[in-house]
Amino acid sequence: MTTIDTPDLAPAGPVVGPLADAALQNTATQFLALESKLLDEAREEDWFQLLDTDLLYVIPIRQATERREDEVNRKAYRVRDTLAHVRLRLDRLATGVAYSEIPPSRTMRLVGSVLATRTDQEDVIAVSSAVLLYRQRGIDPHFDLLPYRRNDTLRLTSDGPRLLSREILLTEVALATPNLGLFL
Amino acid sequence: MTTIDTPDLAPAGPVVGPLADAALQNTATQFLALESKLLDEAREEDWFQLLDTDLLYVIPIRQATERREDEVNRKAYRVRDTLAHVRLRLDRLATGVAYSEIPPSRTMRLVGSVLATRTDQEDVIAVSSAVLLYRQRGIDPHFDLLPYRRNDTLRLTSDGPRLLSREILLTEVALATPNLGLFL
Amino acid sequence: MTTIDTPDLAPAGPVVGPLADAALQNTATQFLALESKLLDEAREEDWFQLLDTDLLYVIPIRQATERREDEVNRKAYRVRDTLAHVRLRLDRLATGVAYSEIPPSRTMRLVGSVLATRTDQEDVIAVSSAVLLYRQRGIDPHFDLLPYRRNDTLRLTSDGPRLLSREILLTEVALATPNLGLFL
Amino acid sequence: MTVVEPNVAHGVLNILARVENELARNRVPVEIWNSDAVFRAEMDQVFGTCWVFVAHESEIPKAGDFVQRRIGLDPVIVTRDGKGGINVLSNYCRHRGTQVCQTDAGNSRFFKCPYHGWTYSNNGDLVGTPHMHEAYGERMDPKEWSLKKAPRVDVRSGFIFASLAQEGPTLEEYLGGGGWMLDILVNLAPGGMRVAGPPERYQINADWKAGAENFSGDAYHVDTLHWSNEEVGMIQGTTANAEMMHAYDLGGGHGTLGFPWPMIGLPLWGYPPEIVEKFDLSTFDDAQRYVLETNLPTVGNIFPNFSYLRAFAPVTPGGPTTTVTTFRVWQPIAPGKMELWNWQFVFDFQTDEEAHDSYVTGQLLFGSAGTFEQDDTVAWEGAGRAAQSAWMQREQMSFSFDQAGRTTADTTFDADYHGPGTKRRTGFGEFNQLSFYKRWLAVMRGDTATVSGEGATTR
Amino acid sequence: MTVVEPNVAHGVLNILARVENELARNRVPVEIWNSDAVFRAEMDQVFGTCWVFVAHESEIPKAGDFVQRRIGLDPVIVTRDGKGGINVLSNYCRHRGTQVCQTDAGNSRFFKCPYHGWTYSNNGDLVGTPHMHEAYGERMDPKEWSLKKAPRVDVRSGFIFASLAQEGPTLEEYLGGGGWMLDILVNLAPGGMRVAGPPERYQINADWKAGAENFSGDAYHVDTLHWSNEEVGMIQGTTANAEMMHAYDLGGGHGTLGFPWPMIGLPLWGYPPEIVEKFDLSTFDDAQRYVLETNLPTVGNIFPNFSYLRAFAPVTPGGPTTTVTTFRVWQPIAPGKMELWNWQFVFDFQTDEEAHDSYVTGQLLFGSAGTFEQDDTVAWEGAGRAAQSAWMQREQMSFSFDQAGRTTADTTFDADYHGPGTKRRTGFGEFNQLSFYKRWLAVMRGDTATVSGEGATTR
Amino acid sequence: MTVVEPNVAHGVLNILARVENELARNRVPVEIWNSDAVFRAEMDQVFGTCWVFVAHESEIPKAGDFVQRRIGLDPVIVTRDGKGGINVLSNYCRHRGTQVCQTDAGNSRFFKCPYHGWTYSNNGDLVGTPHMHEAYGERMDPKEWSLKKAPRVDVRSGFIFASLAQEGPTLEEYLGGGGWMLDILVNLAPGGMRVAGPPERYQINADWKAGAENFSGDAYHVDTLHWSNEEVGMIQGTTANAEMMHAYDLGGGHGTLGFPWPMIGLPLWGYPPEIVEKFDLSTFDDAQRYVLETNLPTVGNIFPNFSYLRAFAPVTPGGPTTTVTTFRVWQPIAPGKMELWNWQFVFDFQTDEEAHDSYVTGQLLFGSAGTFEQDDTVAWEGAGRAAQSAWMQREQMSFSFDQAGRTTADTTFDADYHGPGTKRRTGFGEFNQLSFYKRWLAVMRGDTATVSGEGATTR
């Protein structure tokens, strides 16, 4: 039998890191928006300029498990890319014979639920976001949806923010698209 | 026969309440983003801390009618929860035998179209938002989509904003998911 | 054989116009959110007040082509509306016999990935956004999805921002909805 | 009933033969829960002949009021015409099929087709065709060219039913004991009950029969599937549920479970004095009064797909209590898929506040977000998935209703019960569920002559 | 035509028999608008034999240009080869079926399969296989192993048609009166017409025949379905539309409605002097000139699924006017579902500005957001939904084309008309629509010998 | 094998007859890659009889561990019970079909059905029913009412296979040469291999056979489809791939391509000394050693849908190298649609760091985002699309395996090879693919008596 006790309202601190102020939140929002625009416009080389040299880009594997905390195995990867891997992927795309993306998928990356928080490091912020990627490949008569959450860190440099790390948690256990020939 | 008269551009006032400034808008944006993150991460108890003790959470019933204003019957409810009801739902989920959400649905709440406005009360703001909730239950081979708009009010407290009221207007007349075993 | 050369990180300038500051970005965000709210609530006349008299609203035709830059033919239109055309459409909707939208489609416009940049003109900003429009018509048992990106310009007036131009790039080559009886 | 030719395809007849064999040993073959052929045959045999609930009178009180509903897969407009009559109209224009009504509810004297303007009265008659003279010479016959109408529409205690068959038993004959029991639930006071609001709808990946079977008599699932509610104080004593529930087999495939509310100190479902004093039980017969004093109807199904449930609960755990009444339709929408239409009902005389508590709490328990409902909606998915399994088909899997042959509960009929059908002094046994499927089999075969059904005749 | 064996399944033959019976009394049975079996048979009988429009020459002007289109459900690449020839190629590699073209349009001499690299010339020939010697010894025969090609491709006034049947009537024979009328629309000036832009595409929950039927002769819907346009000043006088439109039944299932533009002071569809002075009508025969002076082709369909429409409208209400020409394909994509492909056309000689006004205004009215188009796209949904109804199937519902037997308009043929087929002095009567379905029935039965059709023979 | 009656429908038998005819001339008819009837028959004939891979022992090391997998369309729970036994259980409750396991993996002694609480042990036995005495009198027989179990489960080198047929060849007999070759790949060291992580899954619009065929022997696609990898330095020398790969036809539909790793200076797949020193090759027979020294198994398929691939690559272009091993299941989910389940494997003895490099690089190449994998996933779509084409069906399209009859490579068997089946000294010829389809045809016809297959017998 439960009673309706109103719990002590803990300060926001424990729930999540210290919230960014409006200017910093704006930095994060604009960065994610710019990224999504560049990738949707097939401007991967421009996007590449927004990556930090220490980039780590990871898509862990998720399974349906009884508890949420067991779902994602952070030592199991769909993708685990450093900047060198990303460079490799872009180079391959540029060969003109990376057939899966000829023509490039028409995409729309809808980024929302953006939350920027400060971290221990003065020049690094953490940014959480939710994304729906809508994809139509080649002459496909259908479309594919890719829903995911991202946990990013951005490094604030004198040239603007750079993507330092990205963890992508796919909502679904099986991809409903034939491949991940796209950056998420 | 129509003529193209450019109507007098009324000030924004009549269309919607006074717009929040960037800082207040940011408060609203971060609050909604935080909420969506906590719920997607199955951290319902953390989310509960963000609710005001006077919470009213309502999902009215919508029908297809000739005029938009007749669609939503605000005396007809899918859900009408006070804080005590939310507490009850969390307690039930915590029993370990609330089978519909074992395992918890994998969800992605994409919040966008956020608009914060000031209200008559100094410490209360109104926040409108649009949400797409992507849900995959258990070992379902398919996914469910829940699209909705929300009209919220937030109380600004010294501990941060708290959800004071939420009205959820589902886009569809029939749910394309078997139940609302989730907070929207 | 590729080498992993970290390219010179060009300043953001070349990639996109100068980013708006938090206040200006907020102006854009709130404007797009307000628009989406008004249109979802079938308040087209209120929305009309947010349009600039010089409005140009264009949906070009997109095709699958080998290169992204050939996809969109900017001299090919699904829609090319001036303010007078929009006025015409609203007048027609108001006749009570524009059957396709009787009852009005239930819609949810989810706006995200908003990026505001400054332009050559002091009183004009450019705003890029991504949108998913969820639509359910009449007694349809199904729903339709319309994904698109928008390139807008807003004129900042003493009465608030006004939509000066909008280019809508649909993600898909064929509409998966029977008509565009909606503003995007 | 022979009004519809048994046009069930050969493959379906083979399945029905296996259903008959398996029912004889308290089993039901898996293939009936998700099969294109079975589903298609149900649209004809079940939903093309049976009396199907479409709306409650309180939803269309005024002339011109209408709601749009479905019979099987067919959209129908349920109208109150200018003479107060109720009509159940097909929503396809007779000219080229365009749907003349695109809303769920409204008020209109006419339905004008948007395509070429043929205009129908809300009793279905064709009353206008543009350019009538040039186009058609003389007026098109209003009846011959009316919207197709359900040939038979009737009302029981405010509940509107329609049958798409020209002939067959009357509604009263069809409902039989099911109607008699329904009356107990709703006719407690003058004016009966009314809807608390429009229906809420949600789509479940389960066959419509899963819900009908469950509400017909599944007392056995409550203390497992719904146990979480016991833990948080929304219900008590469910471990005794299957034992305390008594099963009424009302004939015609209709079944009800009756809970001994008086025995736990909650006579008349726990309605408080201020409600009870409005009740007038004088209209009930002796057998109904016996029911009211012993095992009151609590959950039940009227064949094929119309169910009800009455429960007593706190408005919040530990808070004040209320009694709720929900009706629902298990609306088929595809093989293995249904749309649940769920209404809360209150007594017509109840105050806004009383109605509000009952409504909100009814939804809290049995709405789409209901603390009971949630778990039912997904537990029912399995049968339809198993039905699609090549392996299970090779194994000729059948589901188990073996309690009927194995239960040690006293399953003799209650000799003090003199109402229609039979009453057993237990909720164990899965008897009502078997009666539901026996009736389904008979209806699917077009053999629906004996309306009152096996339940009633064994009384 | 006997080139395709009538491989329509038994169930379809029964349906076709009912179509024949119902057509005899001016009705069409509901089941043809949404049925897996009928749709599958259409893919063979209709789209496997008829001449189907695939592209306009102005879409592939240069060597190497190609666009990807569909015939029935099949993707085809329409190419301009190095010799200027036009080829209609199947988009499945002959090795393992991988699609060799993944774009809607482009320019290429070759289509190289990404899987193993078999390479086809843009005339379809297999011209390369990697490791040719080790893999295949000798060169694979370029013709034997070419991409499958439409065996017959031909052009009429710039419009490219293809037939997948090896034999049968020539394009000229097939088009018959339909081609003769098409010429009136587009051959007004040297160079004819060109596309104003690539096609726009939108998916409609309606059978492809709904659009074809409508454009064949539905004068009757305009002042109801499109009335809103009259109210806002985009069109005038639509209440007289059905009376003023004259119906040309051109044989072969092709039909056109002709509006008396001169009668309302808009000779030659209202084209302004600066356009008209570019026209050269000398190539037309007397009968064509009669058409141009009286009831000019305004909306029509070429069997099976290629339609056109020419209209006069203000570029904005009250603003300057323009004349627009839209062509469209009712592309089947599934039973009860089509994808509309819509092109705006302008005369080749028109200036950019003239073309722009015509293009934009054509889209304003008849694009996916068109103030007329919107309402058609959804009015057509009903037939397909009714076709799926078990109730309507039991009722053997047929749609009404009763105007043919009832109209009081003068339906005698215009004796002054000496062109192919017949011309009636009214738009009432639903005659063209019936001719469309009669032709459909004949084609579905494989009985397409008499190309010129019933319309032409009664001339 | 006669354990499953050949219940393939008439339409399928006609298709199979055409398959036989076409195979005789090195062709395969298009219709087998996307047909409801063929797919349904495969669920019975192929996935209802064959030994199907379900999991690796390293995925369920501890008592109580389980993973959920599929055989054909059926979800199965693969459990490690308290006695260490492995069980493959159907996931439908025997009472009413509710799924008793809703997770992909976990650890549990029991599976309790949420609906009414029937409780099954992790060996499948029914061990509890609530209110047992009242409901069922005596205990329900635990075996009779157990979850349906795969009647035969066996393990080869850690790989768990299950057969849904009661009878038939043992796993060892079934695998034959396929097992013998698998051993070479994984039994290089004590402890063999283990999964590097759980499977990743992605849904491809291609028939499951497209993947199986490709991995059986498609050496010919590499230097076209995957050429981009050569350009960016992830692989070298692929133009010689088809020539250097030798094709092992191992009988029973199993096939492998063997690459001459030693010849390019990378003996034992390029494993570095610190790995190789852990290898113990003493368990292999002479023929296996011959394989290890010449053309090592590099890519292969075990009939029906279990494939593997071992590759050597830099962890980034120009960086240090690693050897990766991927196993995958081409899981059918609908006609023309599969879900790819992809695991990376490492040797049990490998350090975390070694395993990490191999895992990450394996995914970089062959994960869903893999630089090779991406292109395969879409190249395979064409066959299923062509299969749905009415045009191609009318043309009786067949795909080409003509290399078998035309290649000029030396296709005589390697006389020095003394292992099971045969080995050809080339990757040209499409022989293994033909053997895969010959085996498929035999299995589809229920004629699976000769387990060792044509390949083995010609040795």
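Residue numbering begins at 1 within each chain, and the chains themselves are lettered A, B, C, D, E and F in the order written.
Here, contacts are C-beta pairs under 8 Å (C-beta built on N, C-alpha and C of every residue); 3 or more make two chains touch, one makes a residue touch a chain.
Keep in mind that this is a model prediction, so the values were computed, not measured.
Asks: Give the chain pair, either A-F or B-F, that is connected by more C-beta contacts.
Replies: More contacting C-beta pairs are found at A-F.
Asks: Same residues or different residues: which describes how chain D and chain F meet, taking over half shared numbers as same?
Replies: The interface of chain D with chain F is built from mostly unshared positions.
Asks: Using mean C-alpha positions as chain centres, tell me how far chain A is from chain D in Å, no decimals.
Replies: 48
Asks: How many angstrom between the C-alpha centroids of chain D and chain B?
Replies: Chain centroid spacing, chain B to chain D, equals 33 Å.
Asks: Touching two or more other chains, which residues of chain A qualify?
Replies: Residues 2, 4, 22, 25-26, 64-66, 84, 88, 91, 97, 99, 102-103, 110, 112, 132, 138-139, 141, 173-174, 176 of chain A touch two or more partner chains.
Asks: Touching two or more other chains, which residues of chain D qualify?
Replies: Within chain D, residues 99, 102-104, 114, 225, 232, 316-317, 375, 379, 381 contact more than one other chain.
Asks: Sort out for me which residues of chain E touch chain F in the complex.
Replies: Contact set of chain E toward chain F: 4, 40, 43-44, 47-48, 71-74, 90, 92-99, 113-117, 130-131, 133-138, 140, 145, 148, 164.
Asks: What residues on chain D touch chain F, complex-wise?
Replies: Checking each residue of chain D against chain F gives 30, 33, 220-221, 223-225, 242-243, 375, 379-392, 394-395, 397, 399-400, 402-403, 406-409, 426, 428.
Asks: Across the complex, what residues on chain A touch chain F?
Replies: Contact set of chain A toward chain F: 59, 61, 63-66, 70, 73, 75-82, 84-85, 88-89, 91-92, 95, 97-101, 137-138, 173-181.
Asks: Residues of chain D touching chain B in their complex?
Replies: 102-106, 196-206, 225, 227-229, 231-232, 234, 316-317, 319, 339, 359-360, 363-364, 367-371, 373-375, 377-379, 381
Asks: Which of the residues in chain B come into contact with chain F in the complex?
Replies: 97, 99, 102-103, 138-139, 141
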